[in-house]
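What follows is a structure written as structure tokens; I'll ask about it next.
Chain lettering (A, B, C and D) follows the sequence in which the chains are written, and residue indices restart at 1 in each chain.
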């Protein structure tokens, strides 16, 4: 039986739940949210979708104890409304999400949970680092979606630019799932050719292209108030990699032993969680960007410790 | 190529679009909404989901002319916010949705569209009737999801009550997709046995059970502010029946020649639209409820004609 | 993790394996066959199919010990070639399959296997009964696909006859998965209406129709030498019902305590196996056919005990 | 509506049909084989699988005229039995398949067919070249699966070698779908790193590895007598790329204007067929292998013209 818990049933958590149900990935879903009425409503709405499916997903609500034998718990609790003023209030988001993490972690662990904890909240790297400390789970069992979604956006942006399928675009966005991330151009190929070669005749403005990738999230947020389907797809990709013991390399937020924090880096994933960080031979400049991004995450971690009453 | 237009990208339209993309049902999607920013945001978010799929869906926005060769146009434009005060403002909803229908129908038809128009807005039966008149499309090419969603809810409610899979529950909810609908108990079987037999020893309160089915929608709306996943599943079920020429009987809102309006009734669906209404031999009492529901729809149609400036 | 063993990699076992892989149902497959080269070939061919899938299935071969923690073992070993002379050699088939069962059961059990044993070999009911005795597994953990495939064929035959989708046809074929089976006409509905009503004006020859259903298997065998896709679909339907704890009623070959043998009867299926036999209120005549079918299975069981050296 | 014709219902054609049905890709399938009984059997067996699906596929048999409005016709007619003696009888295979092509092409074209002709028979490149000439269809509407299957096998072989997912392996096998093919090592990356770098410390015998990739097909044939699931997956990948206008680069057998024949090369595929050959910057040595492979195909084409009575 595949059992998954989702904590936080906002737009993102609900989209993840819907995808897991309609694709028949989860046999059992445990849905938890501070708003009891919302969870019940999502349970009913999700149950209504199952009439035409060959699979069934049993949906349980508001019961942390049910997480004791969950394979995966997805942390999706946050408060997107802090962006409703259109400003980039990442500090405010950090305060809220870290507080939720502090309240939630002990409840998850009290159930006896010993599966994989997948963080999809923001700021992803800081919160994932914090969640690992709060839960005390082994580092390989805790990780965040990191720059997987940014990588998917990079693939789409370049695919549109070059009029090819995104399946033809390989490579990674790395670092913080936030403004300090970067496109690792040296890793990117188009139908196996290095992108520098492909774009050689084009006089391409890589900086502009990279910015377009990074601001894609803000375009979505400014239009619909939040992003949901892309992050749901990223989360489900990770979930499928875990269940099928895929040994696939994904740019998720995993433990970086040099920087002693979680950060978006190519990581091999299997049933037991992260298997190892995959060396992709960044250029010196890219490595600097990566280090800079790590520093930025560390600063946020420091502010977290400094600002919150302990 | 399977080309589908969706008009209205609120929670429902977006959930339909997401399902069509992730299940690889549509090769081309045309998304139209009065809010340009929302459509662009949904397009970007939907594109972000496609990285791990074996299928591709090309997404076009805000271009009515692209509907000219669409196989299906799904009408999903409405304004759920009128329920935000928790009251049952169906009259207000009718005013808004009929106005949208009036504005939209000529634009759809101006493209040269001659496919199937599937209405999933509320009040479904009135709006579907109105849309058929406004577009002048043949009656078999216009229909609404009607009581298909209510039937799915009935299946789920009875399945939960009896601790069996909803696949074991057959039968229909019929009439208006609204408060005057009814559960056609004479059509319902549990693993092929008439439900009256199955529940004979149970002293079941059928009226309470029927009310529980009908109020399921309100439970969802009161919790999350709208319903989306169930109606999306219903719409996609109809879409798949059309594309695969399924000749399947579904309780959709189709043209009833006796009452001269659209109403939820078992209807055979194929590639060309509705093939015929399927006689399910209702009891006299059920037939009365059906007629009563038709009368209620007619009254709403009359108020529509009376109240709107023409 | 979902782990499934398949014993016997002929056309049927291979088709089941292929379906489990392409639908992403199994995370791990254990393939066992007396022909080592065939198993290796199927493993390689199945691995080749996974390039475009979002899921991965790890394939293990020829290792009974790997069945110790399998959720389900599918018994698919038989020898279809005995029908290659076009004659109905069911007795010969019984000898061969029962011998395979005798050889295989101890090996399965020696692994420590305590999951669900699903028999899809023929003669299904006799072999399933025999397998339960040989393994000593609880009766609810052993069952065969029984008349599920015959029911699917009945649905298709009637759907073709009536020009409707097979989803509109409900009801069961019951009894032996063989010539003594019968169509339980009293259970059959067409879009919820009893089939007798639907066919009332048609002067339908039910006996001819029933024979057409029953001989469908022979039409396939005479054309391609075996049947594979239909039985694979039936097996996968049962597998999905088990994994998702569906509580769905399927006409599988389950333990009948009155007749003290396995026979095709409506049975509720969940994660732990068969939950209970579902009473579908057969007519007296249908009950006689069922008893007759049970007698036929018993005779075969007796001949099995009589003929085989013990 | 998605309409696909399959000519030849042997193991391969049947596996393609089964996959198209179970994945709900084809709304209508036209099955044609010289053996009427086999086609009818496959139709019945395929119909039996549809009971639990949300999609329907209408199956038509033995009617060339139905190909007139097919989107895609898949050429799968051949005679694998010529390999049953375990020898590599490619010349014999060429005689048989080319003869089938000669008989079949006029029948396809007589229907008025103007879709995409996808060849999956062997020797793939020769037969595809021959089919294009015989049908007179535009070169971009005719192609073969070419080295797509070999590429999938290369991905799997390297993935197994490196204990990673095949999704981490990018690159191509190119040239003839036969013994003169080659692994284009310069195109291959492992999680974006050039394979030469990844294998640098390993003292890898690339020649042995390449041979292992190439002989994978023979391992399967020697075990089960034919290959079916891998080639079915390759064919379905191409079909999905066509329907969804994917603009994806696949190493299929497409028209090479320099050599004036069809050969496995990276090719962009969309709804109208092949859009363009994609330059992947082979090394000089790889280019020589490619040319050598082209020469080999040309020799076979010459022998075809020389040996067959015209």
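Observations
Operating definition for what follows: a residue touches a chain if its C-beta (ideal position, glycine included) is under 8 Å from a C-beta of that chain, and two chains touch if they have at least 3 such contacts.
In this text, all values refer to a predicted model and were calculated from it rather than measured experimentally.
Contact with both chain A and chain C is made by B, D. As for how the two copies chain A and chain B face one another, over half of their interface residue numbers coincide.
With centres computed as the average of Cα coordinates, no chain lies farther from chain A than C.
Comparing chain pairs B-D and A-D, the larger number of C-beta contacts belongs to A-D.
Mean C-alpha positions place chain A and chain B at a centre distance of 34 Å.
Centre to centre, using the average C-alpha position, chain B and chain D are separated by 42 Å. Chain A and chain D have Cα centroids separated by 37 Å. Across the assembly, chain B contributes residues 52, 54, 56, 165, 237, 241, 246, 248 that each touch 2 or more other chains. Residues 1-2, 24, 27-28, 54-58, 237, 240-241, 243-246, 248, 271 of chain C are the ones touching chain A in the complex.
Residues of chain B touching chain A in their complex: 14-15, 18-19, 22-23, 35, 37-42, 44-52, 56, 149, 151-153, 155-156, 165-166, 216, 219-224, 227-230, 232-233, 236-237. By the touch criterion stated above, chain D contacts chain A in their complex at residues 52-54, 163-165, 167-168, 170-172, 187-189, 191-193, 197, 241, 246-249, 266, 268, 278-281.
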